[in-house]
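Below you'll find a set of structures to go through.
There are two complexes below, and they share chain A, which is joined by chain B in the first and by chain C in the second.
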Partner chain A sequence: MKIIRRIVAEEFPFILACPALVWQVFFLFLPVCVLLLYSFFELIPGHWLGSFTLDYYRQIVHSRALWAILNSSILALITSTICFVLAYPLAYFLAIKVAKKLRMFFLFLLILPSWTSIVVQVYAWFFLLDKKGYLTQFLYNAGFISDNFHFLNSYGTILIGMVSAYLPFMVFPIYAVLERMDKRFLEASADLGANGRETFRRVVFPLSLPGVYAGFLLVFIPSFGEFAIPSLLGGSKYAFWGSVIVDRFLRSRDWRSGAALAILGVSIPVMLVASSFIVKKIIEIKKRREKKRLTAVKDQW
Partner chain B sequence: MVGDKKYMSMIVQPIFVSVVYLFLYLPIIVMVLFSFNKSANPMKWGGFSLQWYTQMWNIPEMVAALKTSLIVAAASTLLSLIIGVCFVVAHKWWKSEVLFSFFYVNILLPDIVLAIGVLSIFTFSHIPLGYGSLIVGHTLIGLGFVIPIIRARFVELDPYLTEASLDLGATYFQTFRRVLIPLLMPSLVAAGLLAFTLSLDDFLIAFFCAGPKVQTLSVYVYSMVKAGVDPTINAISAVLLGVSGILILVLLSLNVIDQVLSQE
Partner chain C sequence: MRRIRVENVTKSIDGEVILDNLSLEIPQGQFFALLGPSGCGKTTLLRLLAGLEGVDSGRIYLGDEDITHVPIYKRRINTVFQQYALFPHLTVFENIAYSLRVKKMSSEKIKTKTQDALKMVRLAGLDGKYPASLSGGQQQRVALARAIVNEPDVLLLDEPLAALDLKLKEEMLIELIDLQDKLETTFIYVTHDQAEALTVADQMAIMNKRGKLEQIGTPKQIYEFPTTRFVANFVGSTNIIEGTFHVRDGQQKVEVEGLTIFNVYNPLDKHWMIPGCRLFMSIRPEKIYISKTEKEGFSNHIQGRVVDIIYYGMSTRYYVKLRNGQVLIVFEQNEEHFPQEVIDYDDLVHLYFQKENVVLLEH
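This part shows the complex of A and B:
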């Protein structure tokens, strides 16, 4: 008993860390391994693990599912680009132009939709854009659109839903960086003779790049795996990665090719994150070398 | 040139910002407005009424889904807070940066992968889906956000406080309970609020892991929307918006929003 108590007392930090690690390993890393196993081993009745095969991947590559991955990448890319174009001026305005007291109000308005279920956000658009929806009826009565005009089930509507759902996630990180930026940089830049445009291009924008990068990841990754928005606003007209996975796992119960599809698809955001991480590291190393060189030069003097 | 600059900042920017806000809020405003619609035709205004707000409580599926959502959100928030705070605190004494970056995976992986992961591990080990799988999945998401938020506060704490406590004869456990937890309280509340809303709002994990017998509110609303527009969905959505609004106001009043933003 005493020994146990002593072990508990001495190894307390380790014991504290355990639940999180166990949870993570059991419910995240292990499942990913299970998915890998599923996708690489053939199904033989009676054995849960058959012989190694690449058939499921071959199936994916030769089927329309590969297009779904491509579709999702394009959709995520367009969404994050539009979000960036809309979010940057907004974040800039909030961080630099708006008075501090009003900022909270603007931020609240931004957080509110992003803290509501995505299904609710999509329903709001659905309500406007449905065939009998408010906006459709309004435009029809005003004579702008013809009787058989559909907002729903089009690529544009999916994009509207995606952008409105993910826009706040682009604004927050850019806003956070700009807000924390030392405003004296702006004065210094103006004092040194730069005009507004130059200050923005050579001072503000480079400083805000980490926020832009974070925003891109925060928008690209979830919109790549999005299922609810295309499913509600796009009907079944467009096949995206998320919708094909739902199909394989919940409808056709074709788990092995579903697992292969999931692994193939998730490799895109994983590669994106990994490559940006490597680029970051390279820049860091370069900067350190430059610093070393500069201090060496200084020492020589 | 000066005139050009003024023109930009005085007129174009505010207009641009209001157009973006209008884009975000037009559908929400119309939806909430029509939740007070008396007419059963969801598209025609028939006068003010609160009937949909009373009627939604008469739908047994809706009440059951709400109950499930609240239970799952409370349980997963509590779990991710306990597990998360233990991990952050232990991390200080038991140094390893690599372990910490493990938890970025939860944010960086698309939710759908977490969802099929939980689904496959539960099916693989023949554990029936339901509350258990929902709580497991939501705790995974919660951990991804809770750990960075608590850590942001934790690294700002004076390390001498814990050392003083240990020097004065307190055990690790006493230091944890009496010194660290009170100091971390603001970040715990913020992280808890975030984990709670994330769980309440989640759709994908609930869609995959709820199993055939239970459903959360998001999944219920999804299946309703699939069936078509209905004024009770407007009322439910308006209530959900209101709840989110209150939670955000609490969070903003805690003054930890900067920490949350820097973690996002």
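This part shows the complex of A and C:
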């Protein structure tokens, strides 16, 4: 009894973590594993799993679906870049210039749209960008656009929707880093002769990089898999990873190649993160070797 | 000459007056200490000199140049910040080279200058480290090197040693003095620690809680001849006795009701010292001689009873209660292992001091 009690006491944090772990394993990892199996094994009626095959992957590679992955990567990249360009000045303004009392209000305004579902946000854009939408009508009446101009079903409109949905996820991490940054670094930099621009370039921006990385991850990954915004605002003109998967699973009922496509797509961001991690490690090791070499030289002296 | 001159400077923060019409001149090449209690405005004065904040009114000159409205990054004044404010993302080398890089100096020049500065603060070999991996004392040195590498006219130090332990602090004080000797840059050293100020300063200024200067002088002048009660109390410890001033047969006397008449001697002609006026006598604890037996040759003598004894090792502090209830502090060096007389609690003791060692202060 005593031993059990001691184990419980020692492993209490683990026990507390169990519900979340079980949830993740059963409802996320296991389905992903099933997808993985589906994508690699042949479908033979009467058997649950057939023999190993790469056919489904071959099928994907030879179809337009591969382009969908590329499309999604480009879209995610452009979205996160635009978000970054828009978010950084906003985060800087909020963290450095706005009075503390007002910050919460601005942040509230920023996050407010995210409290509704993305689909609702997209329909809000319809009210503005539809042929009879307010913005279209206004611009038409003002003489800026012609009668046959369409906002919807264009790449630009997809970007508008993507950026407006994901902007807060770029602002928040950058804001958090800037807000926490010790303002005395700014004073020290000015004291050492740097003007505002130099201080930004040499101190503020480098110190905010962790926030920028986090922002890119938070925007890139979900916008890579996003299918609602592109398919609603872009129509069927553009094939994106998310929408092709939805197609395969729901319309053509082709779970096997759908699974292969999903696995291929997931492996791209995973590989990105992994490769950046590996590069970082290599640089670290190189640095350490260099240092060892230098100290060795010093010792000789 | 690149002296610093502050003229009638007034500064309020959030509606509260911090510095009120303050004027001060600091000659070039001095180690100048600004000493005052916490919240007296000494750091604010430093920030005004650095250019981190602007004055409400008044002017600041560096040499003959009016720098009141010169922006911080154009002033030839550098600061060692209280918590050092080293850039965490830059190595020691890059931290020190910062001001040179901003100036777009050639990389060879940056290298030699930075290495020289590193040697100056005895940190050679640490250039590749990041601030977070350094000890407090090393960080302090990096901050110092970063501030002097650009050869400023004036170096401001804002309580630079506050975060260090006592031993390290004493070491750094001596290094600071040596460094200032070598560089001949004006150092302005802000502190609330009177021992630090007395140690390093060529000249020091004492500020009171209302942001006014009380006295300026050498450490010795400040300690031995304070001109106000605040300075006498703030720098070192002292005994303040209130009394009435008299002159009898050309001899200066101070009568303390219910106690005795003291002989005093004040060679300076102070305008407020008219016979019959009330004043304070200040007598330092180490200038009082304590004994259980009667002695000759002292101009003042009183008796009292020991109420407290604090043993410090090298000295002992006695609290002696006088007839009128006032308690005087007396220091005695512990010169012998086995002193001839041992003073204990409740002992009746004689206190002696010379009239020249009494400082008279305005009421």
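Details
By definition in this document, the second predicted complex is superposed on the first by the 257 of 301 C-alpha atoms of A that agree within 3 Å, B and C clash if a C-alpha of one lies under 4 Å from a C-alpha of the other, contacts with A are read in each partner's own complex, and residues count from 1 in each chain.
Everything that follows uses one rule, which is that a residue touches a chain if its C-beta (ideal position, glycine included) is under 8 Å from a C-beta of that chain, and two chains touch if they have at least 3 such contacts.
Everything numeric in this text was worked out from a predicted model, so none of it was measured.
Aligning the two structures on chain A places chain B and chain C side by side, free of any clash. In the superposition on chain A, A:Leu21 contacts chain B only, with no contact to chain C. Using the contact criterion defined above for the overlaid structures, shared-chain residue A:Phe149 touches neither chain B nor chain C, since it reaches no partner. When the two complexes are overlaid on their common chain A, residue A:Phe185 makes contact with chain C while staying clear of chain B. In the overlay built on the shared chain, the residue A:Tyr123 is in contact with chain B alone; chain C does not reach it. Look at A:Asn195: by the touch rule set out above, it reaches both chain B and chain C. Between the Cα centres of chain B and chain C, as seen from that of chain A, there is an angle of 90°, stated in steps of 10. Residue contacts after overlaying the shared chain place A:Ala259 against chain B, while chain C stays out of touching range. Once the two structures are overlaid, the count of chain A residues touched is higher for B than for its counterpart among chain B and chain C. When the shared chain is aligned, chain C comes close enough to touch A:Leu207, but chain B does not. In the superposed model, A:Leu35 makes contact with chain B only, not with chain C.
Nowhere in the superposition do the C-alpha atoms of chain B and chain C come closer than 8 Å. Where the contact sets of chain A with chain B and with chain C meet, they give residues 195. Here chain B touches chain A in the complex through residues 1, 5, 8-9, 13-14, 16-17, 20-21, 23-28, 30-31, 34, 42-43, 82-84, 86-87, 89-94, 99, 102-103, 105-106, 108-114, 116-121, 124, 136-137, 139-140, 143, 147, 171-173, 176, 197, 200-204, 207-208, 217-218, 221-222, 225-226, 229, 233-234, 237, 240-241, 244-245, 247-249, 252, 257-258, 261-262, 264, going by the rule given at the top.
Of all residues in chain A, those touching chain B in their complex are 9, 12-17, 19-21, 23-24, 26-28, 30-32, 34-35, 38, 86, 89-90, 93-94, 97, 104, 107-113, 115-128, 130, 132-134, 137, 164, 167-169, 172-173, 175-176, 180, 195-196, 214, 217-218, 221-222, 224-225, 227-228, 232, 242, 245-246, 249-250, 255, 258-259, 262, 266, 269-270, 273.
Chain C makes touch with chain A in their complex at residues 50-52, 71-74, 77-79, 81, 83, 85-89, 98-99, 101-103, 125, 128, 146-147, 150.
Looking at the complex, you find that chain A touches chain C at residues 182, 184-185, 187-195, 198, 202-203, 206-207, 291, 298.
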